[in-house]
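Next up: the structures, one after another.
Note that chain A is present in both complexes that follow, paired respectively with chain B and with chain C.
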Partner chain A sequence: MAVIDSIDQIYASIAANEPLNRLWTGGSTGVAPTAGNSTSGYSQNLRHPSVWTMPSVGGGLTGMYATACNIWCPGGAYTAILALEYLLGTLTVSGNVFSSTGAVSMPTKPVKGSSIVTSSMLTFAVVTTALTATTPVLTTTYTDQDGNGSQSCVMTLPTNPVTNSAYRMQPHLAAGDTGVRAVSNISISTGSAGVIKIYGLLPIQEFSIDTTVNRHSNLQPLKQSRPQWLIEPAETLAMYFGEIATANNQHMVQLTGVAAS
Partner chain B sequence: MALDTHNKILARWAAGFGALDIITGEQQASAALSLLGTGGLFGTLIAMQDMPGALPTGVTSFIPLSAHGALSTGGSILIARMTKFGELDISGASGTFTDSDAAPTLTELGVSRQTPLCPLIHVKNTINATPGSFTFTYTDQDGNTGNVSNSFTITASANTKLCQVPTLTSTSGDTGIIDITAASRTGGTTPTGVLEFWGMAPIGRMSLVGSTGVCGEYADFLLDQINLVKLGINEKIGFMLMIQPASFTGAFVGAIHMLGDE
Partner chain C sequence: MATIATRDEFIQQLARGKGFYYPGRHGAPPSNGTAAAAASGYMSCHLMFNVQGTTYPSTLVGVPLPPTTSPLLVAQSGLRGAARVFHWAWIYRFGTLNLAATGNQFTHDHTFTELRRTRYGEASKAINLLPMVMITTATTVTAPVFRLRTVAAGAGYVDQAGNSVVGTKTMTMPAAATAVNSAYIFRLEDADTAVRNISNIEVTTAGSAGAASIWGVELLSSMSPITVGTLGAMDSLFGNFAPNDLQPAVVDTGTAVTAYLGLVRFSSSTTDLNVQASHIWGALNA
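After this line comes the complex of A and B, so read on.
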């Protein structure tokens, strides 16, 4: 039985193992991301460069399920997603060089008693070093959610996107595809500088940031009707902001979770 | 025995091991809103609650089950277990740092370790008109010692209770602090005032949703923000109004409900 199958299972895990309670911050990058358009994910997204790494767990335990998650931001009108993040591939624009160094395929995770091969629920092309490129066409070759390889995602990025700009790939996946398991190649049509990384995400929590006083959210993971992802030791959580036009993206995150066996 | 089921928790409450502590605080003036400029999220340490100095008979720790309150403005209160790292008297040639505690060793997900905390800078004694800047030296989440923070410019005439979470991650990649071991000030003109360095481990969030009136809601740590934290004697719970609105002055009145663990 999984720890999140019942409230008593959660209390039993807390009593036996104690919860994780962490609070961390991400400083402002000071630059708003370059907005996407109809050929590059439609929205103005930012991947915050600071990430949090899941610590070790005790013997006989496999990881943690989040039970509470809060965010504090300066305010604005945008969304935020805290997600497990997996690097699927890297492109160095100069020389049009693809690299799988450090990349992984999407992981296997337990869901409702079964172990499943996941595909990305969200997939982003992230500019980790600013591009020098005029409306470059980015082509990603990937394995889809069902394991079909050699699928293509073609996007035309804006000219010279700044560092930390993130572009949703989902609208541009092959017809019928909903996610990505792995990336086998990335190429770009033009450009002289910059780096793009493809990240697959499994969301832990989504937040709505508003302009007045509710600059926070605590939509509890246990109330949401989607899979709860096991957060395993050494996995990383990253923060993605959606439709964020402001340059001030500093934030503070609370994560609370219970141990899973 | 352990409180490992909902029914046991309810029975414990019914057996008389519950308590309600009133929490009050105020901010009479907040001429300076941001303690450290753009160096992090700012707010007001609206109240600090001490756990009792002794455990009642039959109680092994104190577990916060819920909190509620009202404030004369809207906002979001962070409720956290507080550890004092030290304080910096900014007067003199470079200020005087007085060391306090490091992050406590706690069990977390079945592992006993010093759990990294989120730093908070708090004005203990009012800052003068030209206070200068400061840095602090810390041990990061991985135990690496001797890390020096960014230099933070102290806001002139910052009032007591103002607080700010200093940015660590934009430059260093650090996500937490085990200890602050030193701090010093530079610049300023005849600086005066005292800054406290705290570490925060979150308990939860209380949303105060009224922007002009007085209203609040429960922060439920039992069934909503599921987080049963066991607090020992003399521990402190901080209530921080984070990212406060402009020109905040006002009072907070609330309570926290505690259950005595068996």
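After this line comes the complex of A and C, so read on.
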């Protein structure tokens, strides 16, 4: 249903189904992520380990469109993104073992009246268990935005990145590529410990965290000139912080959405 | 699909992962710079080349685009920062200027005569740039003075209409000790609004020390946070009909121009210099 095509449709959905309101928090991990460089996404990003799962919905409904989203943080100077998150593959560094357990391909979603096979708008290599590895070369084999398989993304990660460090893959995709549909293999050149997961993201909302006050976003999902994503039951929403040098990433998120049929 | 024809197609391209989505933060130069004066272009500016690890002014790293050469049309850009005027911009380097000696002191980095891109159906159409100077070595003892010409009154720049121009207006750095990373807009001749290239600069008064880099700035999208901490945005898709191409312009001849995708800040003050959170995204028009 094109529930977000008009304010009237939003009101009608709320009248029929009630909106969904959720408030959740993420405690500080207490550790700043290990910064990337020109061979590993350029920036210093953190994936917060606390995620939120879309609950089930009533009969005849398919999910939720976010209509409002706010964040409160203890202050700092960084960006944040709330995004639908999809696990595309896992690498266990010890033994250099790739696993597709729990992994999916990027989903098919309704967008502006069409059913779209999505590719990640953002793709991150996330350290979920701290690495013991000296400037390891991470090679990800993936299917690109056009469905071409066996594409390679090669990144050289910093030495011993800490848990929750996230490295943006897009600058290092194969020539001509912009997105990732699926991952078929991950390998690493060196290292004795740690786990890396590849996540594909579809952004729901952007935030900027101010240096002096607890700031919420004044740009709401419906105002953005990009896809408004249908958030379906059991899908995961995660917070990614960009250019975050602080160890304090505590946050609280309020999300409001209307049901889509 | 073919090129984008509707706004819905624009959104759908992004959904297919055929685009560019960049959340980031722009590191400001480490010093506020010296405020501009009337004789130095009025506006106090900052060229913000971005990304973490950047060391101004020696090591500059622009926003990395995905590895495609197809057009990437800006859908939206946003920024959280101080209440100043910001632009996303391509920042092209013309060359360097020695401010510690008089005479013809400009060295061009390249051999191009103009930068080009497709505009209004015309391929390789020259683009016009905002000329800027950024101090890379602080000046000392005497405020340098320079102008866009040679000592022998040869042309110093090509204007927005393609005319070679002998500059008569001087740029006087605002202080004997003009700080590193200060940036100013060149004073052009009356009726001129932009340059296509800069070829010569005569330093008429030198400092005991001082150096600068010379830039041409192509403005892509403007943003103006209303107050500190708010997130201002420019919606190029629904807010206007001019989504610019995020790919850089190309030279008409010679080696590729050194260029950075970043932010330019204009202000009447050099204070309140801080890091700017930002985002920009665009769709592949192919």
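What we mean here is this: the second predicted complex is superposed on the first by the 258 of 261 C-alpha atoms of A that agree within 3 Å, B and C clash if a C-alpha of one lies under 4 Å from a C-alpha of the other, contacts with A are read in each partner's own complex, and residues count from 1 in each chain.
Following the convention adopted for this analysis, a residue touches a chain if its C-beta (ideal position, glycine included) is under 8 Å from a C-beta of that chain, and two chains touch if they have at least 3 such contacts.
These figures come from a predicted structure and were not determined experimentally.
With chain A as the common reference, the superposed partners chain B and chain C fit together side by side. For the superposed model, the angle subtended at the Cα centre of chain A by chain B and chain C works out to 100 degrees in steps of 10.
In the superposed model, A:Gly194 lies in contact with neither chain B nor chain C. In the superposition on chain A, A:Pro203 contacts chain C only, with no contact to chain B.
Of the two partner chains, neither chain B nor chain C is touched by A:Pro33.
With both structures placed on the common chain, the touch criterion links A:Gly89 to neither chain B nor chain C.
After overlaying the two complexes on the shared chain, residue contacts for A:Asn21 are found with chain B alone; chain C is out of touch.
When both complexes are overlaid on chain A, the residue A:Ser50 reaches chain B alone and has no touch with chain C.
Look at A:Met64: by the touch rule set out above, it reaches chain B but stays clear of chain C. When both complexes are overlaid on chain A, the residue A:Pro161 reaches neither chain B nor chain C. Taking every C-alpha of chain B against every C-alpha of chain C after the fit on chain A, the minimum distance is 7 Å.
In the superposition on chain A, chain A positions 212-213, 215, 218 are in contact with chain B in one complex as well as with chain C in the other. Across the interface of their complex, chain C is touched by residues 35-38, 42-44, 77-79, 81, 106, 109, 111-114, 116-122, 145, 170-181, 202-203, 206-213, 215, 217-219, 223-227, 240, 242-243, 245 of chain A. On the side of chain C, the complex with chain A involves touching residues 8, 10-12, 14-21, 23-25, 51-53, 61, 64-70, 75-76, 78-80, 228-231, 233, 235-239, 274-275, 277-279, 281, 284. The part of chain B that touches chain A in the complex is made up of residues 2-6, 9, 38-41, 73-76, 78, 80-81, 106-111, 113, 115-118, 165, 167-171, 173, 175-176, 200-205, 207-211, 223-230, 242-243, 245.
Interface residues of chain A facing chain B in the complex, by the touch rule stated above, are 7-8, 10-12, 14-29, 49-50, 52-53, 55-61, 64, 67-68, 70, 72-75, 212-216, 218, 220, 222, 248, 250-252, 254, 256-259.
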